[in-house]
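Take a look at the following structure, please.
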Amino acid sequence: MHALARRLEALLFISSRPLPPDEMAAACGCSTAAVDEALADLRVDYTAERHGVTLRDVAGGVTFAVADDCAEDVRRLTGAERPDDLTPALLETLAVVAYLQPVTRAEAAEVRGVSSEWALGSLEERGLVEQQGRADTPGAPILYCTGTRFLKLFGLRSLEELPPLEEFSLQAAEVDAIRARLHANAERRRA
Amino acid sequence: MPADAVAVARPVEFELDLDVFDGPFDLLITLILRDEIDIWEVRVSRIIAEYVLKLADSGEFDLDATSQFVVLVAALLEMKSRLLLEEEVEEELEDLDPDEAAERLLERLVRYSQFKSVAGALRLRWGEHSARLYRSVPVPPALLRRPAPAGALPASALPAALAPLLREPPVPDTSHLADLAVSLVKELRRLRLILGDEGEFTFAAVAPEDRLQRAVTFFALLELHSGGEAVLRQKRHLGDIVVSRVSRPTLVAAAV
Amino acid sequence: MHALARRLEALLFISSRPLPPDEMAAACGCSTAAVDEALADLRVDYTAERHGVTLRDVAGGVTFAVADDCAEDVRRLTGAERPDDLTPALLETLAVVAYLQPVTRAEAAEVRGVSSEWALGSLEERGLVEQQGRADTPGAPILYCTGTRFLKLFGLRSLEELPPLEEFSLQAAEVDAIRARLHANAERRRA
């Protein structure tokens, strides 16, 4: 293996967080370009078929993860459980925080139409959202944002990898149908 | 959601005779949940009054059944109050031109639907990635350039964090409940005196300012009614209640 | 690589302590002889010349360790590590472990009233709590306790130096009662 690749392997093994290439370059005293090249070597070596661990690009850096087909053995050994599934309410709240961050509790509630206090607390306890200071508005409400664990658990390199919100818009025909229904209601009320 | 509470509840057996419905209470609940009866049409206060009558009739107090009844009525009230709130929002929008109001609502629905769809997409990603295992082992001290400073955090922070978790929660303050129990009896006595002196009065005239006290007064009225001591009348929806003395002791059934 | 060797690689990669071959055999559902054979394969692959980490035999078990010539790179990387800042949730969980240890995840959740999976994982990652075997109850849940890094961070020579809870208007008897209740719960689960 390439000498620099060996050194990166050691860094990636020891670090419990994904490492950005420039941090690895600083530690090894080389250029980021050299790191990128050596990483490409490592990626070839660590394909799932050959090793029990694979390289993953996640949460702003590179990290080793257990190959998916070896995960069950590891769980038997460590007793680590899969994280509990998220309820629809939690997923919805998480979606609001992910796209609109930083958001206050009131802003999340306004989008969802229901109080989101419990959902935000539960997401915070699961390490999926974090408090990020307070808004500079009356009452100084807490601002919530997503953190590294959110990116890791959803397999995202960065927030930019989230598809644009517009892609989730209703179809024009669906909007028209709702509009027609609402205007019909308005008409009835006027009558 | 109240619907769940209703689904698991034990049946509460008693017959109702309302304008819109005539039959067992449980059937009424079922019909409301199935949207076959509009909850707007149902006077919850009337249901409560009938139940109190039933209790008076049977002469015994079944705590389990009554608790169930309270749960069901609370569920009905919640459903009804939600409708009221929706109405309020719509009223707010009604100040606008109805079409403009519809557009505003549409805007909100469209925006919300985006996040609902995102939640679905996130669920798929979660299924694929959340179970992945990453290494989370601390760096051996020999490989740390700067060893963690000793005593960086104050040890006193530990008991401070634990103590609130271990302390027994304070005994719930039930003094207000005790107050209620006493003042219901007092209130009954007061209303009986007024009823005896004046023969007729209105709820508004005798009800105290305090909301909790007003509720007690209302319960006392129901009690007078169920005991056959008074007749309650209301000219219009949400209007004042007129309370009149029943001249001779009457059978409970005759008062209804 | 040998299929079993891949699975062992995953176990060794994730484990925070050296693994005895029989534990690996139990996790993979195979014989210790098969593990020994696959380990021999791994040893050939992970020689210092080829990889930045090597296999070492320590204290009756096997573990991955950073190759000696890569240690300097790692030190340069960890020089940039952030200091230990504990969020209220982490501090609370750490206090539960410190005073009531050994505790299971379920017991920590019971005392705190919320799921503590993420918090315990995060503390483990920081080296402040350690796994100390498994409880002798159904499901054999992992027992957590504090380690030497914990003592150092809070400037304690031993657990006896933990500040008494009495100053917080809690009697030692009350703490004992809670500990007893946790253990009684464990008994009940076992029954």
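For clarity, chains are labelled A, B and C in written order, and residue numbers in each chain start from 1.
Keep in mind that, in the parts below, a residue touches a chain if its C-beta (ideal position, glycine included) is under 8 Å from a C-beta of that chain, and two chains touch if they have at least 3 such contacts.
Since we're looking at a predicted model, the values are computed, not measured.
Asker: Hey, which chain ends up farthest from subunit C, C-alpha centres compared?
Answerer: Farthest chain from subunit C, going by C-alpha centroids: B.
Asker: In terms of Cα-based centroids, which chain occupies the most central position?
Answerer: That would be A.
Asker: How many angstrom lie between the CA centroids of subunit A and subunit C, rounded to a whole number?
Answerer: Taking the average C-alpha coordinate of subunit A and of subunit C, the gap between them is 25 Å.
Asker: How many angstrom lie between the centres of subunit B and subunit C, each centre taken as the mean Cα position?
Answerer: Each chain's C-alpha centroid was found; their separation is 47 Å.
Asker: Could you tell me the distance, in whole angstrom, between the mean C-alpha positions of subunit A and subunit B?
Answerer: Chain centroid spacing, subunit A to subunit B, equals 38 Å.
Asker: Quick check on subunit C: which residues sit in contact with 2+ other chains?
Answerer: 10, 13-15, 66, 71, 74, 76, 78, 121, 125
Asker: Can you list the subunit B residues in contact with two or more other chains?
Answerer: Touching at least two other chains: 133, 135-139, 143.
Asker: Where on subunit C is subunit B touching in the complex?
Answerer: Within the complex, subunit C touches subunit B at residues 10, 13-16, 66, 71, 74-76, 78-79, 81, 83-84, 86, 88, 91-92, 94-96, 98-99, 111-113, 121, 124-127, 149, 152-156, 161-165, 167-170, 174-175, 178.
Asker: Could you pull out which subunit B residues touch subunit A in their complex?
Answerer: 90, 94, 98-99, 101-103, 105-106, 108-123, 125-126, 128-139, 143
Asker: Would you pull the subunit A residues touching subunit C in the complex into a rising list?
Answerer: 1, 5-11, 13-16, 19, 23-24, 26-29, 50-53, 64, 66-67, 70-71, 73-74, 76-81, 83-84, 124-127, 149
Asker: If you look only at subunit B, which of its residues touch subunit C in the complex?
Answerer: Residues 133, 135-139, 141-146, 148-163, 165-167 of subunit B touch subunit C in their complex.
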